[in-house]
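Going in written order, the chains are labelled A, B and C, and every chain counts its residues from 1.
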Amino acid sequence: MSNERASSAAPVKFYQTGTFTVGNRLLDAQQRSVQASTERNNSLTSGHRACQGCGEALGARYAIDAAMRATNGQLIAANATGCLEVFSTPYPETSWQLPWLHSLFGNAAAVGTGIAAALRVKARKAGLAQSAVRVIAQGGDGGTTDIGFGCLSGMFERNDDVLYICYDNEAYMNTGVQRSSATPFAARTNTTMAVGPRPGEEAGQGKNLPRIAMAHEIPYVATATVADLRDLEAKVEKAMGMHGARYLHILVPCPLGWGAASCDTIKLARLARETGIFPVFEAERGEVTQVTRIRHHVPVEEYLKPQKRFAHLFGPKGHPDMLAQIQAQADRNIRRYGLLDQETVA
Amino acid sequence: MLQIRIHGRGGQGVVTAAEMLSIAAFEQGRHAQAFPSFGSERTGAPVIAYCRIDDQEIRLREPILAPDVLIVQDPTLLHQVDVFQGLQPDGYVLINSKRSFHDLGLADIEARFRHERLVTVPATEIALKHVGRPLPNAVLLGGFAALSGLITLEAVDHAIRTKLSGKVAENNVAAAAEAFAFIQREMEELSHA
Amino acid sequence: MLRQMEGSRAVAEAVALCRPEVICAYPISPQTHIVEGLGEMVKSGQVADCEFINVESEFAAMSVAIGSSATGARTYTATASQGLLFMAEAVYNASGLGLPIVMTIANRAIGAPINIWNDHSDSMSQRDCGWIQLFAESNQEALDLHIQAFKLAEELSMPVMVCMDGFILTHAYERVDIPKQAEVDAFLPPYEPRQVLDPAEPVSIGAMVGPEAFMEVRYLAHAKQLTALDVIPRISEEFADRFGRASGGLVRGYLTADADTIVVALGSVIGTLKDTIDDMRADGIRIGVLGIQSFRPFPLAAVRTALQHATNVVVLEKSFCVGLGGVVSTDVRLALSGLQLHGYTVVAGLGGRAITKASLQRTLREAIAGTLQPLTFMDLDWRIVNRQLAREAQMRRSGPIAESLLRDVGPIAAKVI
């Protein structure tokens, strides 16, 4: 087919923004992403030691840069032990362009609570209603859904003034790809090997931290992926405009742990959303308030096939029953969150 | 050094009694040390609290093994716990009961110790009358002041008002005063007996 | 001002006088009364400009403390026993990061078997964690040590544990002299952190350190604790000058100068020992007691100086290293390297076992007579121990030890002690 030009009378539909991008240059200055700005903070600046194609490094820079812009640079971060911590601060170097504290694996949320408490006292002593300096605590899925879960739940329950960001790559990548409670069904890790009659992760579907966060009825819960830069930035900005406990769960593909090509990080994140496997939504005080609908609905195979951690599901010795189970989970998400509607291009 | 051991049950204010006693002694310019028997006390379980009173700093931290004074807040303990263990030969005993030592089956105790230092007082009834609750602890301190003369009723009142407040404190002060008068009368009778 | 109050309340009053900015706490007996008191003082406004945070675990308590201290707030928490173990990872982290947090340990045994009563196992389990550990002999000293602790911690940028015997001190009502706010303010200046999370001057705290510098970081922590050997007595002297009483310091002797036999001990048992020693002195026995106020850093030189002229050294400790013997005695022995003294370790008071003057005097007389075992468990009930050993020798499935022993002990409600 020849590439015919649209009729000059027809308006150009610019829904292709963000990561379906036609480029920031075509947008108004206010609509451009934080990352598109030469003024961006580069909070996690270059030179760190993350792997090629690391979703977590991207996600962290996007999120923290957006938070830095939202707070006018008045930000402190607490970081859990994990890839993000290790690759960003090999002694005596640091990639962090903001005050940053790493304490332990399981306590980032509580450390965030402590920072916020100190800031509150300082503000009160200075005669201010609240501190201009804001707090982010962040960690991977292990530090969030497993070992740091108690501290996180405590921080939520007390409604401490902390935005907690989980960079979810669905396993313990820092220690060499072991299963976490966020590891999805059927995924191969080094502690859920692709052997036996039910290869890979056998349990359900991974601990659903966003819904657990919602159950705490905190002011704001959102999910995002590194595929939707503008959406991610908007959610960080919205979160920083609020006070109390907030939770942002970002899906960050890990080329190493997922057995995927470094160049596919964004694509996989997008497919996670477009299959319905990773619902992207916002919730306030326990109620879903916004859902990012699927634009090009695709079966889960499209998301799973490029990842070696799911390779055992395919081929002559594959496991169609397990595939069907994953598809059913995606379908359930689509129903639960209403991810498909008339705007969807099937 | 004067050593007081208080026996009672969880919920009767045994520990508070020892603490009030120490406050009363402190009020009179003396050194005092009160401490509980450190159990995970549950309501109704036997509880012991201790108080030492001295004119110099009290350094000793052992439980009171040889008390000069025994206060028994609950007479049902008498046949369950060896409350008289280690009591000094010239020690004082104050038991919360309407009944006499003899009627309580404590004839042997009467024989072994100085009978004019062994008294009972219906502290629960006095507490119910003034406070409206069966809490004999403050009442017994009023009785102890009368029995021993070692602390004043005024110091006991001060201690009650330190630990309790408002109407509850004043009701307990009134109850302590009644116990004080009751024991004074009883001791007069004992001295004439 | 002289007041008659519970030890826990006295500590709460002392902490309040130090103008804390963040207090976080998780309840555990026998620490609870301290944080209950502080919680009320913060809520009522008696302690102004302070955040009191009820956390969900001891691990969170220390983690919150790490965050707030690193943000420049004067930070306090308290725990005991299992709570200290549960926060252990963060305890090491706080000292590794050099954060001047002050924490009360209401000393209590560690289970299993679960036991809420006093001994020093909890503090001793953390003796290598890089915190300064001070032990209080009385409630007055516990109160005073907290005021000194903040000054010490902040001067060195190093966390301090103030250890006080659970129940024996925390729940004891006694006379304490509570300083005036102005006096404490003059003694303890506002906290000026060495490192702080500040957007105006961003720093990264908590970087990974590899083999190339880890030993140096560790050595510096040690060097700093050695500095504390000078700072602790100086602060104690300054405190004495201002407040008119001696509290804290490294070690404190009682009738040690001419003593042939010296008992070494920590915490409230020193009081009972002093009474025992007075009784024994009345019988012409030359005996004294050396109280160790600073267990970490361990004052090797001061201990050696105090003990070197004695013939018998008896370390009486409420802690026990299974498979070896004493914990404190190991350190005391190091202080006495090369000296030929008769050394005894007496483990006493574990899990709240009462330490009585009578038992102490009997044990110490045995030490003087040379008949005491080098490692002695004071007042051990050999009857039930031997019955259990026999039971285990007799049958494989002898059951849970604690439960079997309790059956042998019989009903305890009838006993006074």
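One rule holds for everything that comes next: a residue touches a chain if its C-beta (ideal position, glycine included) is under 8 Å from a C-beta of that chain, and two chains touch if they have at least 3 such contacts.
Bear in mind the structure is a predicted one, so any value in this text is a computation, not a measurement.
Of all chains, the one whose Cα centroid sits at the greatest distance from that of chain C is A. Remark: the per-chain Cα centre closest to the mean position of all protein Cα atoms belongs to C. Taking the mean of the C-alpha atoms as each chain's centre, chain B and chain C sit 34 Å apart. Averaged Cα coordinates give chain A a centre that lies 66 Å from the centre of chain B. Between the CA-based centres of chain A and chain C the separation comes to 45 Å, rounded to the whole angstrom. Chain C makes touch with chain A in their complex at residues 21-22, 24, 49-51, 53-57, 59-60, 63-73, 75, 89-90, 93, 97, 197-199, 201-210, 212-213. Interface of chain C with chain B (complex): residues 2, 4, 6, 29-30, 116-118, 138, 165, 167-168, 171-175, 268-272, 274-275, 352, 354-358, 413-417.
For chain A in complex with chain C, the residues that touch the partner chain are 73-76, 78-79, 85-86, 89-94, 96-104, 106-107, 110-122, 124-125, 133, 150-151, 153-154, 157-158.
Contacts from chain B toward chain C in the complex involve residues 5, 15, 18-19, 22-23, 26-27, 31-36, 38, 40, 45-46, 48, 58-63, 65, 80-83, 85-86.
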